[in-house]
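Data first, discussion second: the structure below is written as structure tokens.
Letters are used for the chains, namely A, B, C and D, taken in the order the chains are written, and counting of residues starts over at 1 for each.
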Amino acid sequence: MSLHQKERDIIVQNEYVDNFDFSEIEEFITNASKDLFISHKFKNSSTTLVQPRGGFPTYNKQYELYEEFEKADIDVMPLTIDSHTRLNDYGSAKKMLMLSEANEVDMLNGYPLVNHGYRNTRKMVTHFNRPVSLRHGTPDARLLIETALASGIFEIEGGPITYLLPYSKNFPLDKAFLYWKYVERVCANYSGLNEPINRESFGPLTATLVPPCITIVIQLLEMLLSLEEGVKSFSVSFAQTGSVNQDAVMANVIRKMADFYAKKIGVEDATINLVYHQWMGAFPRNKEFSDSLINTSSFIASLVRADKIIIKTRDEAFGIPTMQCNAQSVANTKYTFKVLKGLPPIVDEEEEAILEEEIHSIMEAVFNDSADTLWRKTFNSIKNGIIDVPFSPHIINHNAVVTIRDEHSNIRIIEKGNLPISEKCFAYEKSKVKLSEDKTTVINKIIEDIGVMHE
Amino acid sequence: MKVVTGVVGNDIHVVANRLIDISLQARGFEVFNLGVNTHLEEFIDAAVESDADIILISSLNGEAEGWCRDLQFLRAEYALKNVVFVIGGNLSVGEAKDEDIVPKYESYGFDLVFHQVDLNTGLDKLEEFLGKRS
Amino acid sequence: MSLHQKERDIIVQNEYVDNFDFSEIEEFITNASKDLFISHKFKNSSTTLVQPRGGFPTYNKQYELYEEFEKADIDVMPLTIDSHTRLNDYGSAKKMLMLSEANEVDMLNGYPLVNHGYRNTRKMVTHFNRPVSLRHGTPDARLLIETALASGIFEIEGGPITYLLPYSKNFPLDKAFLYWKYVERVCANYSGLNEPINRESFGPLTATLVPPCITIVIQLLEMLLSLEEGVKSFSVSFAQTGSVNQDAVMANVIRKMADFYAKKIGVEDATINLVYHQWMGAFPRNKEFSDSLINTSSFIASLVRADKIIIKTRDEAFGIPTMQCNAQSVANTKYTFKVLKGLPPIVDEEEEAILEEEIHSIMEAVFNDSADTLWRKTFNSIKNGIIDVPFSPHIINHNAVVTIRDEHSNIRIIEKGNLPISEKCFAYEKSKVKLSEDKTTVINKIIEDIGVMHE
Amino acid sequence: MKVVTGVVGNDIHVVANRLIDISLQARGFEVFNLGVNTHLEEFIDAAVESDADIILISSLNGEAEGWCRDLQFLRAEYALKNVVFVIGGNLSVGEAKDEDIVPKYESYGFDLVFHQVDLNTGLDKLEEFLGKRS
């Protein structure tokens, strides 16, 4: 038995899981409808696909949600997982699921997929026959992903960095790399059976003042780690920055860089897609304004010609949205895409050159780390602050990079910590903001910048 | 005065937590920040250990209700009579009204409950409450 | 007594008008608060000013509307005039006003300013102390404008072409030119007393498939006719075309051309502003989608850096909006402007060059007309189809130009009628659309293009 | 069959009028299009002169109610018993409901009333109505 098989046998056995029948699962995937594969949909569509977020504790409520989404002619169905499952706390998830079922009150902020199991979930997924995207935030997602793929969910979001640094405090980063290596391999293996499984990285990270170069470096590294294992369809992503121009710059640069680095490791046959997240930071508490903000994000997604957009709702500041509200958001976004025509290309050569140089510098530093594999190089780079994510709750994160917004709301680096960017680039970043020496002024500016979309 | 603060449960929303830390310090409190993903028992442990006056809990992702039901038992067990229990953030899954949320959490044993209340407003009320008590 | 004074004496005397006290009016304007002058506000503000539409029959309801707008922190108050007054039918307006006052049902689609009179209206205008913009659509607006200026309304929209070709069937165009000449002169005269009175042209015209070159030529001609009479603050305008790129091209070109032609007639000291109209054509009947459409328009206004935007509401397809709905639209637009930062410049050199050439060709043909004055040259040019507005209801309009949308929703000329544009430009326009020889296909495409924003 | 059509009153919204002209012709009607800004008397005059079967009025800008109140008198005066009176478009100032609008215009003397009804749906119903009558 291969090591992989051994690992698999351990993972799929615990008190919360039904028996896995792997030969039946292979057969299911081999014969599954092409419509379940987002990789297939990307290939055959020219507009930006629309995907909301959404996960309810009980099977029935999730089913109803999908019915609403279907009416709004959604492109990609979401399956958002609850935060207990995300931390592998299936016991708490089970308890809260039971409470939710008994009381008709939602006691979970997502769908506890492991507790529901793949046999049930697959019924729902195949019934609606649209691509489903798994959204979680789990460092050790091995069991979750086995369950998802067996259910007919053929897009898996996340990665060892993007689902760890924003989503966990203590979970060991090296373990996360290994657990995700497992996930990549499972996805790669199943990709040979039918259309490829699509992997997607989570570019928004903490959604709070993350500078473009860090976002893109992390996107590239997760892409490379995935391609290395044989994945053939991958989506890089980022979230609305707050500056239209910075969004356009990021989109242009991330496309170029993804291409460049995929080639660099010798992969030429993988499809790379671009996903744009509507504003992921703190929302206004006025629902009308939230609608405006959401529409503004959709406009930018069109401008940057994203392959997919992940949307928010007018309820964002308040709590998990109602189904109707969520479906309405889908319909509004689809309408905006329909009427938005004649989009001009946007190019800012100077900004793009600076950003590219920053990315190359950081990537070079990662590649130059003395460790033997890319994941170990990346691990070391995070540990010593070559990669540093503002507002990460994780203990390993360096927390030395400080960013604020310039007058056009571009996110700029004002303290570079251990980021290996050139003096020239750093000087450019700093030249854009009027720096104050006074620490409380800077803190107040940061607080203001966090609430930049508030009314 | 000593405050133990943090974000309860499997919740990792850290932004408010960072701001709370800064704001409490600015108001002259001594702060023990346990950060995100802190279980109820850890709050109690830290309060006992540091002899804290206040436990100030944040919850953003909707989990609080699940965790805080056990507060009464813990409070009884550890005999933390004089510790002020404060909770704030987004205290339900889905949208909820103050009228429903506040009494519920008071019945769990919280002295002050701030559902979707701005941080500074909440901290002003906390200081007011402390003033009245002493 | 000057001819002008004689004309004035005749105008302000009819059975529906109170006595005009001109020396009191001069004194009022001389001492009026600067905040009433939009020309002053333009000078001192860097964002796009927000102005809705809005006129109710009764004084009280108009007052309440302004109260709502004030709460939404509006920049420019509108005063939209009813359609009877627009056609100088003060009798019908009076009858409907009385019915509206008696029954609390609105029997007019705007505020009958002449019937209310300047003494009353001034109370309201000065009470709110914000710039008011007069929106009407009246070919003979002499009395209306005298009343408006005396009321403290210091922005006057319209012009002999833009308020005639879309707004009238039979009204003689030559008379319209003369009546507007009067209006320009009154505005110019009062402009010396305090801040300048701002005149604004109505770029949307019929809001239905008007090609950019015709819109801009008409904007330029009305601007020139106004500057000739001594007006010092003028706004050119256009409405969302349906293609973002075409909007950007129009904005860039209209700015350059306004500058060029003002200089050409020797005027260098006038301020020219750019006004953008949110989508003016047929609206969707889904109010959520209307919100999205409106927000999309606001985004474009920001992109093209308009000095002012004139907004619509989610009720557009249904009828005159409620006050609350209108105020909400103001608030939403202001929010969008607030959060929309980092706007990239958009330049499309090829499209701009073609459009400029078309404009110069038409302007040249107008200037080359053998008549003695610019207004007579313009009159002749409209009469013989050198200027031709699609979907104008006016009998003088040539109706030979046919336009449809290309695949990016740019409006393209497929039949040029008597438009004097070069073969090269016309070939460019036609090259953008796959032309069908079949007439019913073209008609069906036009019908579809009219409903381009429908769900 | 002969139709006199146009837009009533001081209303100059011409786009629908152009489409109505095209659509009626496509359905085989003989069309006298008076265009926009047509007063009620002009419709009646044209119908009498051309011996029309149908008067099809559009109104978009909210004016119709003001004008069409006089229809009954005119109808009586000219004895236009066999002419079918149709009106459509946007038949009130501000938003209004079908239930309120349709009976009101029927009481003014219209045979068919189409408030915010799509053109083709309306013309289908007109042909149905004509079919039933003959």
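Operating definition for what follows: contacts are C-beta pairs under 8 Å (C-beta built on N, C-alpha and C of every residue); 3 or more make two chains touch, one makes a residue touch a chain.
Keep in mind that what you see is a predicted model, and the values were worked out from it rather than measured.
Asks: So how far apart, in whole Å, are chain A and chain C when each is placed at the average of its C-alpha atoms?
Replies: A distance of 46 Å separates the two centres.
Asks: In whole angstrom, what separates the CA-based centres of chain A and chain D?
Replies: Chain A and chain D have C-alpha centres separated by 57 Å.
Asks: Find the geometric centre of each of chain A and chain B from their Cα atoms only, then give the gap between the two centres in Å, rounded to an integer.
Replies: 30
Asks: Spell out, as numbers or ranges, the residues of chain B touching 2 or more other chains.
Replies: Touching at least two other chains: none.
Asks: If you look at chain A, which of its residues touch at least two other chains?
Replies: none
Asks: Draw the chains as dots and join the ones that touch; what shape do you get: line, ring, star, complete or other?
Replies: Per interface graph, the chains form a line.
Asks: Each pair of chains that touch: what are they?
Replies: Applying the touch rule to all chain pairs gives A-B, A-C, C-D.
Asks: Provide the residue numbers of chain A that touch chain B in the complex, in ascending order.
Replies: 83-84, 86-87, 89, 92, 96, 99, 105-109, 166-170, 206, 208, 282, 285, 315, 318-320, 322, 391-393, 443, 447, 450
Asks: Flag every residue of chain D that touches chain C in the complex, lowest number first.
Replies: 9-12, 14-15, 17-19, 22, 35-37, 61-63, 65-66, 90, 92-96, 116
Asks: Please name which positions on chain C make contact with chain A in the complex.
Replies: Residue list for chain C touching chain A: 241-248, 284, 286, 288-289, 291-293, 295-296, 298-299, 303, 328, 331-333, 335-336, 338-344, 346, 348, 408-410, 452-453, 455.
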